[in-house]
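Look for subunit A in each of the two complexes below; its partner is subunit B in the first and subunit C in the second.
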Partner chain A sequence: MAAVRRWRPWALVVLLVLLAVLPWGVSAYIVGVLTVAYYFAVYAMSWDLLFGFAGEVNFGPTFLIGLGAYAASLLDIHRWPVPLCVLVGAAAAVVGGAALAVPALRLRGPYFGLVTLVAVLVLQQVIVIFAGITGGEIGLSVPDVLAVDANPNYWYALAFMVASGGILVTLSRSPVGLILQASGQDATETAALGFNVAKHKVAAFCVSAFFSGLSGAMVVFYEGTVSVGSVIDLALGVQVIIAAVLGGRRTIYGAALGAIFLILANELLRPLGQLNTFVVAAVALIVILFFPNGFMGILGRAGERS
Partner chain B sequence: MSPLLDVQRVTKRFGGLVAVKELSFHVEAGEILGLIGPNGSGKSTAMKLIMGIERPNSGRVLLGGQDVAGQATHRIARQGVGIVFQHSRPLHRQTVLENIKLALLPDSLLRLAADKSVNDRACAIAESVGLGAVMHRRPNTLPFADLRRLELAKAIARDPKVVLVDEPFAGLTAAEVGIFSGLIDGFRREGRAVLLVDHNVKGVAALVDRVLAMYLGERIAEGSAEEVMRDPTVRAVYLGGSIETHARDAAVIDATPVLLEVADVSVLYGKAQALERVSLRVHEGEFVSVVGLNGAGKTTLFNAISGLVRYDGRIEWAGGSLAGRSPAAIARGGIVQCAETRELFGDMSVRENLDLGGQHQPPAESRDRLAWLFELFPILKERARQAARTLSGGEQQMLAIARALMMNPRLLILDEPTLGLAPVILEQLSKALERLRRTTAITVLLGEQNVTFALPHADRVYVLEHARIVWQGDPALFAKEAGAGYL
Partner chain C sequence: MLALQILIDGFAISALYGLGAIGFTLIFGVSGVLNLSHGGIMVIAAIAAWAIAGDLHAGTYIGSAAGVLIGLIAALVTYGLVVRPIQRSRAIPRDETEIFVLTGTLLWGIMIQEAVAYFFTDNPVTVVPLISGVATIGGVRVPYNEIMIAAICWSVIGLLWLLVNRTRAGRALLAASINPRGLTLLGFELSSIYLLVWTIYGVLAGLAGVLLATFLGAGSANIGQLTASAFSIVVLGGLGSVSGSLLAAYVVGYLETLTAYLVAPTLRTIPSLLLLVIVVYLRPQGLLGRR
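Right, the complex of A and B next:
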């Protein structure tokens, strides 16, 4: 184990360098797919902070993503500068998320999850009803993009994923992460140790909302468009959850790994036609059923054996 | 000097059930108070009321003169109350040391790195409770006693003025009990106020300064351990007054075939030994009582028979082995367990609960059984349309037994039917059991801590203590041979 720990930081640096120079080695198509995958990885990592550490299942990650994406889009249409749009998008997700989490975390059992699920449907309906402002089911085009070329877009996404991941991993390993894990595991005992469980869980929800919203807003300026299907749809939320669980709960890294795997597999298997989604879903199902600790669990076990 | 912890007339109701009734007591600095009572007496609820895990309906909990009743748990904890839980659920991905560090952290969202002093303190605490050698290991590699030490270490880390300890010695060996007594005694020497919650006086007698005995949510005795053990009310609660027994002739019963045979059954819960090589035998038509305090292993034994927990050893039913059969198959085979928790469908009516029990019977037979059960428990007929949730504790217990009987069991397992019931209800229940025993050929396996209730109907008695059968025999001999060790 100690040997594994020692080479791990180096492996990470080598991997990041490889990812950074990747655009010169692969086709523009792959670069585009990976760009999407990196944003998706941030969704999954944010979700894991809430599920893996705080122990709360958020069935509505797209509520937060969608708030960030639409807030940013609407401001951009009013010609706000892009960085400000992205920040306000993230702030909107935090405000919306907190408004949801504060009352919902009072509920016990499966009700928190249900509230988050219903929130997605409500947001979806709001977008459709106020079609005059939001573009409704068709969606909106935004006037700005992050970059025109594929490679700079790729580097933006990579840098964003690495920065977000770094912050989330640091947070999860800090004393706050420890208290969060304890709260998720046994709230009564954690409270008896003098910790305000609700405060920590709401904070975790806000951090998760911040990065989800931020990533949702960034995606808008990569794609140049925003629609219910691309940032709010329940199916997207389910994919985020599958990615995080597939990669390995309570690891943050694992969520990114699962997300990149899911997006890549979906694209690479495209020649299979309609079988494509089926194969990816089947692989995900098998991993979750037989390796509940996901890819990181499998890697960890292999590491311990060697 | 005013006491460190002063509980004044606290009451806690759960719906119609009064779990704690006008309870008052106090603990001084440097004093250990034992809070004892049988299962369902309200002692755990009393502890939760102090810790703020439950909110009292009325009364005051004074901590150094300040009323903290009804405050959130983390606020009460920060004012100097610590609790050592009976079941530990440590963080498994972290080491023992990190688990202790957790308890030393401030309740702050802004601390992204712990102080250096935290590490040193955590190490010192680990050493002081005897975890020094294993502090860099993960909790799931530790033996049971070390997990309990970890719970103790976490409580110490908070430096509490008042320490609540829930069943400190459950699941520990005699040698470990000695070590833990020493650690708890350390709390007293450091001037903390300690509340020990346990089932019987015997377990804590050597350690405590005073004992308060509870029954049905109320104080029934208070004083030194010897005084409480001599107290007539306490003796009546634990041992019953004069016990009448009506065992049938042993020779007749031994002539009937063996229905259930449990041989050398052991069960482990993680690292705690819940049952150790238990053997017992139930003949066709026999009424067998297994008596033992809460935590002795009665429910585990019944769950093993019902196929709900994994076990080593052999369980035979009507000549065939039960190994590998699913709980549902075992229940259809005629073993029906009436669980301690009653497991009623609260929102369904009494009648619907009973009908569910009769689901697998032919309709005609089901109707007959229903009529017979309404005769056995007339109150259920009156309440037939009422939601099960709205029944009193005694009525719920009768409904649970009646529903089990609807399934036409060959063996009825009753787990702690008297749990939390008032004496007058016990008598009704007792009469119903007596009628059941006299008018039908049913075989019953009863688990009880209330000896007064368990003995009168029994043909044979087993005493379960710390996961082992320590005595078996004729109920008439129980008081003489096994009663003394029971208090």
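Right, the complex of A and C next:
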């Protein structure tokens, strides 16, 4: 974190400008990959708010993502306007997230994680059972998309990631973020200091749900389709968690970095064929074993040395 | 007829679930580790048994034994390469070890899954059962293999019970799950106890994997499902409680069999998932959990 603060703000601005003009310099293929990576980064950042700050391990980020994505696509099929679909999708994720979190946060440690994990499995089964409405395992295609061309889609995704990231970072550094961090580390003491731990944690869960759902809904209108495999599958949730831990937990920025790295690495290693996931998992494992603070930890250490 | 069929099939499946889950719960009880590469280790054992029995023409007995052995090796490698370094790392804060172990073993499980898929494809393999033939019990046809699986599972569970309750090493293991610090004060080396529990775990997981492959088949595509079902059985029974896991294995096994026979095979996992949600909300420590 210290390293991040030492980075002069203009470095961030330059980086963002570079990212914004990138589509004119690289192929449409790379633009497409990065678009996906940016949405994925929002998943990872919202997960990090919950884990890094509130100290709660959510094994079911895809429960929230999936709720947002499916709510948005079902409304779009009934010809609701796209912005409204996206907002209602995010709202659905918040409602579902709150329904999950309010009872579940009474539980500690692995039990909370388990409830969130089971929530994903249940949602997956519900979608398969009500295949008549949800398209089941095949999924749905939605009639609208955000934009037809790759470049506007890229800018939508970039703007969305920057805005969400900005809000999440601000939130995490605000007094609320401090209280969250305190309750994540020692809930009893935080409560003794007069803060309502449960309320803050539920609020954190709702914020996390909001951005996950929003991002899930946006992805639907980028891809034009939604399916269990693309937004709910446990494998996706696992990748979100890996991205956040890989980038460096408790940093928000790190989660985005880890997410973009993960997606890019998957693409770069595509020539390896089947072994590509193996290599990505191995790299992530090595980083976790030797640099538990992730990329941000490595960057921070390099910053201190120089 | 149908009732008897469900009773018999459910019994064998549940025994297998129980065997798979006991090792999982044992490691959690003793060392607080949730091993999310569990399914991977089971499938490695199954694939090894299949490859050695078939490709190397070693026969089904040697193949099965070798499969269990390789499952044990895989478990020990998991401990030595992934879990232990995380537990001993100074850079990881104590209270975050849990999530690191979870993430680490999860990644390891993915690596196993991909490696198995690469070398052996993701088609499930079926190991030739140790004994063939079909018995008829009360008009229901039951493969001898199914009876043997139930028998092996229960003998192993019985042996485990004897080991834990009747031997010195086993009692130390039990003590470690209750109060590890007290045990170190008595002069026991915790790391050798951990090694023992991982060894037991490896044998149980290897055996469960090989037996599963003779019964339902096993392949890299099942790894996630196997881990998830062991995890949910263990939580349903109470993390760390061996008898709870056994009880939960039977509840889940019979619920699934009942659903498969009476409702539809595609819905077989749903009732147990719902039960799990209800139990976790109402009684988060599980059926027989201690906390």
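Convention: the second predicted complex is superposed on the first by the 299 of 306 C-alpha atoms of A that agree within 3 Å, B and C clash if a C-alpha of one lies under 4 Å from a C-alpha of the other, contacts with A are read in each partner's own complex, and residues count from 1 in each chain.
Basically, a residue touches a chain if its C-beta (ideal position, glycine included) is under 8 Å from a C-beta of that chain, and two chains touch if they have at least 3 such contacts.
As the structure is a prediction and not an experimental result, all values here were calculated from the model.
In the model built by aligning both structures on subunit A, subunit B clashes with subunit C.
When the two complexes are overlaid on their common chain A, residue A:Leu107 makes contact with subunit C while staying clear of subunit B. Contacts of A:Pro175 after superposition: subunit B is touched, whereas subunit C is not reached. In the overlay built on the shared chain, the residue A:Ala203 is in contact with subunit B alone; subunit C does not reach it. Within the superposed three-chain model, A:Ala191 lies in touch with subunit B and out of touch with subunit C [touch as defined at top].
When the shared chain is aligned, no partner comes close enough to touch A:Asn153: not subunit B, not subunit C.
Counting residues of subunit A touched by each partner, subunit B versus subunit C, the larger count belongs to C. Of the two partner chains placed around the shared chain by superposition, subunit C is the only one that A:Leu289 touches, whereas subunit B remains out of contact.
Comparing 243-251, 315-323, 333-341 or 423-431 from subunit B against subunit C in the aligned model shows that the clashing stretch is 333-341. Residues common to the contacts of subunit A with subunit B and with subunit C across the two structures: 185. Across the complex, subunit A meets subunit C through its residues 51, 57, 103-104, 106-111, 113-115, 117-119, 121-122, 125, 129, 185, 234-235, 238, 241-242, 245, 274-275, 277-278, 281-282, 284-285, 288-289, 291-293. By the touch criterion stated above, subunit C contacts subunit A in their complex at residues 34, 82, 85-86, 89, 91-92, 95, 98-100, 102-104, 106-108, 110-111, 114-115, 117-118, 224, 228, 231-232, 235, 239, 267, 269-270, 273-274, 276-277, 280-281, 284.
On the side of subunit B, the complex with subunit A involves touching residues 51-53, 72-74, 77-78, 82-83, 85, 89, 91, 93-94, 98, 101-103, 105, 107-109, 111-114, 154, 158. Contact residues on subunit A toward subunit B in their complex (touch as defined above): 170-171, 174-176, 178-179, 181-182, 185-186, 188-189, 191-197, 199-200, 203, 250.
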